[in-house]
Each structure stands twice: as structure tokens, then as C-alpha cells.
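To start, the structure under review is shown below, and the notes come after it.
Just so it is clear, A, B, C, D, E and F label the chains in written order, and each chain counts residues from 1 on its own.
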Amino acid sequence: MSQKNYTNFRVTIPEPWIAHVEINRPEQLNAIIPDLWLELRTVFDQLSTNPSIRAVVFSGSGERAFSVGIDLKWVSKEGSPFIPRPNEYADPARRAADLRRFGAEFQECITSIEKCQKRAAADFCSAADIRICSKDTIFSVKEVDIGIASDIGILARLPKVVGSYTWVKDVAMTGRNFDADEARREGFVSSVLPTKKDAIAEALRIAKILSEKSPVAVQTVKHFLDHSRDRTVAEGLQYQLAYNTAVVQTNDVPAAIGALVSKKVPTFEKL
Amino acid sequence: MSQKNYTNFRVTIPEPWIAHVEINRPEQLNAIIPDLWLELRTVFDQLSTNPSIRAVVFSGSGERAFSVGIDLKWVSKEGSPFIPRPNEYADPARRAADLRRFGAEFQECITSIEKCQKRAAADFCSAADIRICSKDTIFSVKEVDIGIASDIGILARLPKVVGSYTWVKDVAMTGRNFDADEARREGFVSSVLPTKKDAIAEALRIAKILSEKSPVAVQTVKHFLDHSRDRTVAEGLQYQLAYNTAVVQTNDVPAAIGALVSKKVPTFEKL
Amino acid sequence: MSQKNYTNFRVTIPEPWIAHVEINRPEQLNAIIPDLWLELRTVFDQLSTNPSIRAVVFSGSGERAFSVGIDLKWVSKEGSPFIPRPNEYADPARRAADLRRFGAEFQECITSIEKCQKRAAADFCSAADIRICSKDTIFSVKEVDIGIASDIGILARLPKVVGSYTWVKDVAMTGRNFDADEARREGFVSSVLPTKKDAIAEALRIAKILSEKSPVAVQTVKHFLDHSRDRTVAEGLQYQLAYNTAVVQTNDVPAAIGALVSKKVPTFEKL
Amino acid sequence: MSQKNYTNFRVTIPEPWIAHVEINRPEQLNAIIPDLWLELRTVFDQLSTNPSIRAVVFSGSGERAFSVGIDLKWVSKEGSPFIPRPNEYADPARRAADLRRFGAEFQECITSIEKCQKRAAADFCSAADIRICSKDTIFSVKEVDIGIASDIGILARLPKVVGSYTWVKDVAMTGRNFDADEARREGFVSSVLPTKKDAIAEALRIAKILSEKSPVAVQTVKHFLDHSRDRTVAEGLQYQLAYNTAVVQTNDVPAAIGALVSKKVPTFEKL
Amino acid sequence: MSQKNYTNFRVTIPEPWIAHVEINRPEQLNAIIPDLWLELRTVFDQLSTNPSIRAVVFSGSGERAFSVGIDLKWVSKEGSPFIPRPNEYADPARRAADLRRFGAEFQECITSIEKCQKRAAADFCSAADIRICSKDTIFSVKEVDIGIASDIGILARLPKVVGSYTWVKDVAMTGRNFDADEARREGFVSSVLPTKKDAIAEALRIAKILSEKSPVAVQTVKHFLDHSRDRTVAEGLQYQLAYNTAVVQTNDVPAAIGALVSKKVPTFEKL
Amino acid sequence: MSQKNYTNFRVTIPEPWIAHVEINRPEQLNAIIPDLWLELRTVFDQLSTNPSIRAVVFSGSGERAFSVGIDLKWVSKEGSPFIPRPNEYADPARRAADLRRFGAEFQECITSIEKCQKRAAADFCSAADIRICSKDTIFSVKEVDIGIASDIGILARLPKVVGSYTWVKDVAMTGRNFDADEARREGFVSSVLPTKKDAIAEALRIAKILSEKSPVAVQTVKHFLDHSRDRTVAEGLQYQLAYNTAVVQTNDVPAAIGALVSKKVPTFEKL
């Protein structure tokens, strides 16, 4: 099944309801450049509102890396936001305005993964819903090594996606590598598979489960968890109730209950 | 020692200061019906202000299940909030008003466990203080299978009671089962005992420890943790100080210190 | 290399950029008295703005204990805030005002560790960045045993530094001991070393890594994590962007990138 | 039209959809006693869910006063929470627990006015929706004169219901009286009528207007304003959207639009 | 000076740095239709980042009305979100999803005025910075009359832009009209001019003042006020400091100070 | 009665319990320099905990001005934070660190007025409790004219101390002057007196009233208002209750009630 063409991504539909998004710069080890993250938002925004898609698997292409992260060549080139041309942005407040626009755009692109109404079984960053990886994956929060405290999402989300805050500070402040087993032990990924192929297969298996549930229910669960994680329990409960008063009226509920009682497989309208 | 009679619960006092609350519908595997959760609030509200009770153990009766969760028979009956009678609530806003009242009531009943000023050593849901279980316990967040994103508490609390957010999304979005060992590994329960009998014994052991401490201190610790969990450290510190200015003046402090110094067992007034 | 003299602390500079702070009351097992915590703030405030220091290792002196915690002798003496002299503070509101000033001061002293702009590789309390300990360390949250719910920081931070909330309530409400392995398993410490000597060596090793990075970057990472932990992702992202517009303009970025590309060791100006 | 009997209130139905609640202790100038505020909650909770009531007018009976406030006789009697019996509550923490229960109950009773899903055109306190008064009304925030900072609502709401914060501090810290004209000028009341009779007539006129609108719409407007007042604009917008997805599906919308287009008077189902 | 063509707006540049945006459906009394608000976002987003524009005047075209608000004809047509076609959106949860997308888009469009980095001297809605109007302007919050509680901004912002909360509830719950003088008295507009022409002239006068100041300073003042309005003073101060560390380094500061000292008119780079 | 000597302030005790603080640089029109604001904190911190002081009147000395604001001469001198010496702070991140320390110190000094536990009847800035002024006072928020958005308090507090947000943006973005009558009309001051002498007399009159009340009550009222202003009503109520459980046990309550009943003047212990 074919899809809109992208420059930096390959998007396929391996099974009904499921999209597989691959970063497609294998020769550059899927290094991230501005072009790529702008396209990332387009990819996820379109999948988010596509009623024929219910789950997204997100991975890197090629054998060697999910992504080496931001492209060091681009970062270190004169004219990047980090190495301005001499005499350019002579005024720090105007350079700041530029950095603010640049950063806001980057933040928004990354956040598009989290906001995507389809649930992503992926091995990507802190904005994905469910992270799985292969045994040989190496992770790191490397920005500290180029003199920067990342503001694009990882430092805002990391304290919220794992439990041990001393570990969070250890990896984020030293920039050291950690492997798949450590990632599993600390809760950063929820499962580790022997090979990349196995990891993709496992991601597709989970995606299939998600795609067979009521899309109303799965999408709302995801939204409730993301909303409540950051608020008091009382605020979470009040919002969920407001949201659910419409959602619970869905036909998916009698359909799901009927199927459960009669032990049949339910089918659900597109959303 | 006997207690007020309840329809869906059995409440006993196995030892001084300790109440044992059992859901008492063993033949229905302790399935939850509206009647039961309304009574739940009554049970916990009364224990909360009963000065002779300092700890509550909460479990299911019978051998087979703590609770299978909401009663599927009731949910799927015409006239339940999920399957309204034809032509009933024809107006979505009025049906919404009804759902809002229904949900608010249900939320409040569950929250009564968390608000209970007595600390619950229990194997129940996310609102209990300390969760322990037997080896053969099977857990799940099943609402997604009836087309619903639960708004009664689990999705507001789950991201806050365990560390791994990818695991939270995995179990909440797929609705899959997880066993006692997985629950322990992820921090959802703090201990796993061989049998249900052992779990109850362990719960009573912890309850006994709690009941022998200053009730002022234990109750305040519980309140501070619940308050601070959801707020900034600065807000937490300010509130705790305001609260403690009265509480620290208690006679329990010299009593506890005196006992500690003289290596005797302290006794504390009722609260 | 010598340092300003302190009564209750020993501060040394074992290597350039690194300070080692030791609580220095080994005969009292480093028990905490008012004098000590006032001095603690002075120590950390001075290190925080000292441009020649980039990392702080914090430990107890002597072989036997990091610290037994608050000095029970002082607490139980007539005239302490917990055992007022008879007829003193006859008015509860005025005693409350006194307790408020006492507590605010104590809170502020402890918070000085967290606020310290230098990152502390330490085996201390919940306010340190990275916690490591030796195999034989015994931890506890003991205040409940003197009839008090601590308001100086532990109950505001503990739910945020480890993942399992049932474990948090277990140790904070029962006051029970837990050992190094349990602390590691629950994420309270990030590594356990065989002996105290090894732990200090490991702390110095991490401190050295931190001190060789851009101080602008490391300090900002620490600040972003502490800020975002307590706020919504959206608030965190907005603040980080505002903060970074100045910080990213630092010369440390081209210096770090240049070093990375040329595989040399970068050096960074004092901060 | 008659109503359930109350001890301290008179509740009448002067017109369809409108309830008039009067504090009924004219000889004591409607002074507030514990019994009265407990009954207050009952009154407003019942009106709140009574589908035949769409607006509530709240006033004092008699000619002389809306209410002189808390009954000084009761406050100053031995055994009140403010003048405990000698040797009673000897332990400050246990007296604090008592005060906390007492205050929480009182807060909840007052809040029942604000939570009442029917909109109150009233001349009462800060918790009412719309405040109007007669020319000769005298207001004050008097608690400071009995040595107390009120915690039952006025100090939490006053900074939010008028604009001038210097005025708020002036009246709340000095406890001085202010008259109807000053109340109008500062925005505490929205209109001043010559006599009490006129004020009641005006309140009934507004109540009539409210009762002829869609109850879904009016009730939601009130809820949105109260919710948003205390939160960021972004939070307010997100919540309103979640809430409205059900509410906007109401039949009241086509009914209201149809009436508007055809210039007829719409009628709306009970809510 | 000509500008990009719009269907529903006229955008002119009456003076350097100043844009004048007019809603351009005079025959429909500038009634709002979906097309118009989508275009509104485009207009303001483009002005927001146009370095040649420093202030925006926003008004309605024609003599008769700024805008009558949402187009009643469109609202009441079958197929609008409020009057869905029969059998369309039979599933309330799917209709809710649709309403959510519709509302989010509308909210975002209105918010584009508030987010516009150029300051709007306008007579428009609650999202403008400075509101001025002519003597004969009639205002209202009318949604309640079509059975709806508006979720597009007015109910989230109104409690924050005027002081008297009783007045806010009065106009928002009754939907009654209020005139220019009342708007001025309550603080909803900051000045009232005799005619529409005078109002536009006054708006241009203010716009000119704004356009002659440092664009860095004016833009930051606007952002700080909007950010702090909704947060605690402590949060506001912390954010402002983070933001300003870059902004205060601007060349505009020495330029402005130099001009002030030498009593000359400063000029500032584009931003 | 004499007081500790200050360089930039004159502090007198015109009556028992009342301090009068005057900025004492009349020849420089009380212009603010770094030295002055550091001393400001000292002055208010000492008054805050001085049990013999219950109210503070704060004014400028001399006939001509309360204060012209920040000293333009100092601001425009090379070496000020706004005009760094050439080649100084060559690194923007290090200059930012410096600006952050400078700003944080300045913020803290201004905030010391708000935090002062004594209530200030003053004609100063947004951090005072009660603002009164003489007829000829001219106000402005002038920072925009030196290219700066103030981060020291005014922009964080102004939206919270008056009601009309359009007026706030008008004066803060244009930097225009406004006179005493406008300040009164918008609620920025609560009274306007003919001359400076009258204003001081009025301030002393209010201070006297405050000093004769229970210091426990007045101080708590101030704290509750400042705390609640920035938080939800629910948070405000919960905090006030926690705080009051100690405070209400004060002897000041029976003393005040006794005095009220017997119509005598109460006296209260120092606090």
C-alpha cells in the first residue's frame, strides 16, 4: 500500500490500521537536520487525523542506528543557530528572538509525536508512548557535550518517564551512554528484543492489539494519561469527567460490551 | 468484636486499632456494582474518623479474586449509564449531565480510600497507600476492552504511583494482564507473598506497626506525601510548614521522644 | 589546598574544580544540630557562586555513619522546639510563629544543596543530584518515631525521586530501615560500591567528568531538570526556551563543538 | 407553592423555576450559628439538583440586616471552637484535628453556594454569582476584630471578585465598614437599589431572565467562568473544549436558534 | 501602501510600522464565518513575524458595527457544527471528536490575536491588548442566547480583563447588552471616543507611540504581562528573569538610554 | 525614638508599634541605586521580625518626589549591567549568569516589602499592601523608555493589583504618566489626599488602626490574601485551614472577643 512521498521518511502500511514510519537517512545514521524535523511534524500530524490509521510504529531505517541524533556536521557549520556567521545577529536580543523561533519550531515538531492521536509503539525518544528496543541499542543524552542544555523536550520529559531521579541526573549531566538492559531496568523502555527485526516485529504486534480496540477508548486513555501525569489527581479527575461525558456516549461501548459478552471480535467505526 | 452491618462488605477488628475490610460478594468474584461503591464510601468515611481505628487492611473475600472489577452483567444491562434505554436521555447534554453526576459520585467513592485518614495496607487499586499481593494475583486495567477510558481514578493515579511511563501506557492502552512479579518489578506493589493468607498476614503485620506509632505523625506523613506528590517542591514545603505549626505542638512528640530515650513502648491518645 | 574554616564541616579541594564537603562530627556520628544546618547553607551558598568549583562531593566523615540524622539529645532537651520549657510559648499562635521561623530556616538550609549551582555527587539526602552509597549503608525516614511528620524536605521530595509510591509510603509511614541494595533497586541511589572508600572514589570520578564539561551546559541541565520535574511539560518547554536564548549564545558551544570535531579536550572559562 | 421545612431558612417559589432562600432568624439579625450553615448546605445542595429550579435568590429576612455574620454569643461561649473548655483539647495537635474538621465543614457549606448549579442572584457573600444590595447596606470583613483571619472563604475569594487589591487589603486588614456605594464603585456589588424591597424585586427580575434561557447554557457559562478565573487561559480553553463536546450536542441549541430566527420564546427541557 | 489580498479582511499600512486590519464584510455587519476566522489567524500570524510592523490597529469596516459576532445564518444552517445533518455523526463520541477539532481550530485563531508579537490597539474582543471604542458601541456576550457557553476565549479571558466578578457573571449569564460608558466604567475598554473616526484616530495615535519605542522592550512587556497574569508572582518573577537574561543584552538599551540622556529620538533595528 | 542608622533611609518610630521608613536621597529625588535596594531589604527584613513594630509607613523624603525610580545616571554609566564595559562579559552566557544574579538580588529586595510580616500603609510600588498618595503624585511604568521590560516586580504584580487589563497594558506598554485621580479610579491607590502631609497623616492613621488589632490576626489576613490571590480557591481554602489550625488557638481570640463583649480596648502580646 503506497503513501505520500517524503524526503527523510519512509511511511508504509504493513497491515490495515497500522503505519510504519522510518527515518530514512541510513547513510548518515539517520542524523537529524532541520528539514527532517519539519517533515516529522507533517508526517505525524497527517497520521494523527487519518481515520484509517490507529497505531504508528516509528523506527530508524538501516541496520546501524535508530538515529545518531542531531547532525553534528550541520550544527558545527557556520550559519547554524549555534555558530552564527561573524557580525550576524550582532544584537543578542535579536539573536535571542531568532533562537526562540527556531527552538519553538523544533519543540513543536518533537511534541507532534506525543500529540499524535494515534498511539506510537516506537523505539524513539521520550515523546513516544511505548518504547521498545533491541539488545544492542545504545542510548545517550548527549547535548551536554556540545555545551548545550537541550530545550527540545528530553529534559522536560525525562524526569516524568522513569522513576529514579538520581539516574536521570546521572545520564543527563554526564552525557554517558547506557545500554538496552540499563534502559529496561530503569523503565525507559518496556521491553528489549534480541535483534532490530524482533523489535520491529514486537512493535507491530503491539500496534495490532491497539488497532483492534475501540479507537475512541485507546485514544482517550492516551490523552488522559498525558494530561494527568502533569497535574494534581483532583485536576485530572475533573478534566477526565468533563471529557468523558461526550465520549462515553459512543456506540463503541455497546459494541465492545456486546462482543465481550458474546465472545466475538468487535469492529469499530473509523474515528 | 462486631461492627455495623454492611451488605457488600465485611468489616472486622482482628486486633485493637486495626480494621479489616473485605469485599463480600465472593460468588460474583467481588464484582463491583453501584450499590457497592456507595457503601465503600460509607465504610471508609466512618473508619476515617473513628478514633479507635489506626490502620485498615482492605481485601476481597473468598479464594478466587480480589475483585474482577466492574460487574459486566450490570454494565451491559439496558438502563446502565453505558447502555441507556432507547429514547432515554435523547438530549446528549442532559445525558452528559447525568453521566457527570454518576461519574463524580463514583470518583468520590474511590477517592474516599485515599482520603481515609487511616492508612490502608491493602492489595486494592491505585488509591490505597501500600499495596501487597499474593503470588497468583493477576492485575489489569481493562476498561479499554469495553470501549471506555476509565475516569474514576486509575488513569489519574497510575502515572504517579509507578516509575516507568512506557510501562504505564503499555498496560493501560493494551488492557493486557500483568502478574504479581511484574507488579513488584514495576513498583505497583511493594511486596509479593506466596498465598493470599500470607498476604493478609503481612498486611496485618504492617498495620500493627502503623497502629503503634503516634497517630498524629503517621496521619500527617500520609497527608504530606499525597499533597506534595502533585505539587512543586516549593509549594509542598510551604504547605507542610503551615500544617505542622499546630501538629508539632502535640503531646505525642515528648511521649515518643521519652519512650525512645528510655527504650519503652510509647502509648498515644486517640485522635 | 586549604579552605575557609568551618566548625561542623571539612571542605577540601581534592582536585581542581572539585570540592569535597564532609560533615565533621564523627564522634556524634555526624548528628545534625541547628548550628550545623546553618553552616551547611553557608558552605553550599559559597560553593554555589565560587567560579573555581564545578562539582561538589558531599559525605560524612569517620567510618561509621554518613549521619544519624537530627541529634536526639538536642531534640529531647528542654528548650528545643519540640520540648519547650514549661510556660514558654504559652500562646499556641506565638509558638506557631516561632516554629514557622525555625522550620523555614531549616528548609532553606536543606534546599541550599538543591539550589547549589554546582552539581553534587553525594550520598546525602533527597536534595542531592546524584546519590551513591557503600554496601553497608542503612537508610531510614525516622521522624515518625519521634511523633513528627518531617517538613524539612524529605516528604516533599521523596515521591519525586523514586518511582514506586507504595514503597515511598511503606518506608515513610513505618519508619523502617532499608539497605543499600533496596535503595538501589528502588532507584533512591544510582550505584552501590563495596566500601565507603570506593563510594568516595566513585563520587570523585563522576565529579571529575562533570568538571570537564562546559559549566554553562551542566549547570543548565541541572536547573532544567529540577524546574521541569514539578511542572507540566508545556510549562517546562516554555521556560527552557526563554532561559536558553541567552545561554546558547555562549562561547562554550563553539568551543565544545570544535573540540568534538577535532577530538581534542575542550577548556571552558570560569562561570 | 410550599417547600420542605427548614429551621433557619425560608424557601419559597415566587415564580416558576425560581427559588427564594431567606435566612430566617430575623430577631438575631440572621446571625450565623453552626446549625444554620449545616442547613445552608442542605438547602443549596437540594436546589442544585432540583430540575424545576433554575435560579436562586438569596437574602436575609426581616428589615434590619442580611446577616450580622457569625453569632458572637455562640463564638464567645465556653465550648465553642474558639473558647474551648478548660483542659479540653489539652493536646494542640488533637485540638488542631478538631479545628480542621470544623473548618472543612464550614468551608464546604459556604462553597455549596458557589457550586450550586443554579445561578444565585443574591446579596450575600463572595461565593454568590451576582451581588446586588439596597442603598443602606453596610458591609464589613470583621473577623480581624475577634483575632481571627477567616478561613471560610472570604479571604480566598475577595482578591478575585474585585479589581483593586489595595482596597481589598484596606477593608480586610482594618475590618472597617463600607457602604453600598463604595461596594458598587469597587465592583463588589453590580447594582444598588433604593430599598430592600427594590433589591429583592431586581434580584427576581434577573432570576427570571436567567430562568428563561437554556439551563444547559447558563449553567455551563457559570461553570466555565468559575473554572477559568483561577487557571491559565490555556488550561481554561482546554477544559472548556473537553466539557463542551457533549454539551453543545444539546437539543437546546437548535431550539434556541430556531426561536431566535423565528422571534419566538423558546422553551427548554428540565435539566 | 498595498498588502497581500484577503477575502474577509482589508490590511493597510497607514504609517510606517503600523498595520490597520479591518474586518471586511460590512454588508453582513462583519459577521464571523469559518472562512473568516481561518483567515484571521493567517493575517495575525503574518503580522506577528513581519519585522516592518510594530503595532496593529484592528477594527470593523463600515459604519454600523465592529462585528455582530458569529453569523447566525451559518450557525443555523443544517450542516453547521450546531445543527448537524440528520443521521450524520450518529455516534456522539465521533461527533465530539469533530467538535473538538472545530473548537480547537477556532480557539487557536482567536488566540493568534493575543499571541501576535505586535501590540494591537484595537476595539475587538478580550484577546486584544488595548481596547478603545466609540460612544455608540454596544457590547454583549450573546452565546447564551443560542444555548451555548462559548469556549472560544471570552469566558476564559473575561474574568481576567476586568475587576468586578459580579459584573462578569451578570453580562455573561444574562447575555444583556452594555454600552461604551459601562464598558469604560468596568474597565473593559480604556477609552471612549465620540465617533468611530475618533476611535480609529486614537488607536493610530497609540500605535504610533508604541512603534517609536524599542520593539524588543514593548514586545517583552506584553509577553511578561500575559505570562504573569495567570501565574503566581513567584513563577512570574522566575520566568521574567530567565527571559530577560538575553533580552537585556540588546543594543536597544544603550540606544534608548543615549537618546534619553541627549534628548534625541532613538531609532531601533527591525526585530 | 531613634533607630539603627541607614545610609539611604530614615527610619523613625512616630508612635508605639509604628515605623516610618523614608527614602532619604531628597536631592536626587530619591533615585534608586544598587546600594539603596540592598539596604531596603535590610530595613524591611529587620522590621518584619521586630516584635515591637506592627505597621510600617513607607514614603519618600523631601517635597518633590516619592522616587524618580532607578537612577538614570547610574544606569547609563559604563559598567552598569546595562552598559557593560567593552570586551567585558564577552560571552553572552556568562553575562547572562551575571544578569541573573543581579536581577534575582533586585527582585528579592523588592519582594522584601511584600514579605514583610508587618503591613505597610505606603505610597510605594506594587509590592506594598495599601497605597495612598497625594493629589499631585505622578506615576509611570517607565522601563520601556530605556529599552527594557522590567523584571523586578511591577509587570508580575500589576495585572493582579488593579482590575482593568486594557489599562494595565496601556500604561505598561506606552510608559505614559498617570496622575493620582486616574490611579484612584483604576484602583491602584485606595485614597488620594490633598497634600503629601495629609497623605502621611492618613497613612499613620491607618497604621494606628492596624497596630491596635491582634497582630496574629492582621498578619495572617495579609498572608492569606497574598497566598490566595495567585492560586485556585480550592488551594487557598486548603492552605488557610492548615495554617489556621495553630493560629486560631491563640490567646488573642479570647482577648479580642472579651474586649468586644465588654466594649473595652484589648491589648495583645508581642509577636
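By our rule, a contact is a pair of C-beta atoms (placed from the backbone, for glycine too) under 8 Å apart; a residue touches a chain by one contact, two chains touch by 3 or more.
Please read all numbers here as calculations on a predicted model, not as lab measurements.
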Set E-F beside B-D; more C-beta pairs touch across E-F
Taking shared numbers over all numbers used, above half giving same and below half different, the chain B and chain C interface sides are different
Rounded to the nearest Å, the gap separating the Cα centres of chain D and chain E is 33
Rounded to the nearest Å, the gap separating the Cα centres of chain A and chain D is 47
Residues of chain C that touch two or more other chains sit at 92, 95-97, 99, 160, 162-164, 186-187, 216, 231, 242-243, 245-250, 252
Contacts from chain D onto chain B in the complex sit at residues 49, 90-97, 99, 101, 216, 246-252, 269, 271
Residue set of chain D touching chain E in the complex reads 119, 128-131, 160-164, 186-190, 206, 209-210, 213-214, 216-218, 220-225, 228-229, 231-233, 236-237, 240-250, 252-258, 260-261, 268
Chain C partner, complex, touching residues on chain E are 238-239, 242-243, 245-247, 249
The residues of chain B that touch chain A in their complex are 72, 75-76, 81-83, 92, 95-97, 99-100, 103-104, 107, 111, 114, 143-151, 153, 155-160, 162-170, 172-176, 186-187, 230-231
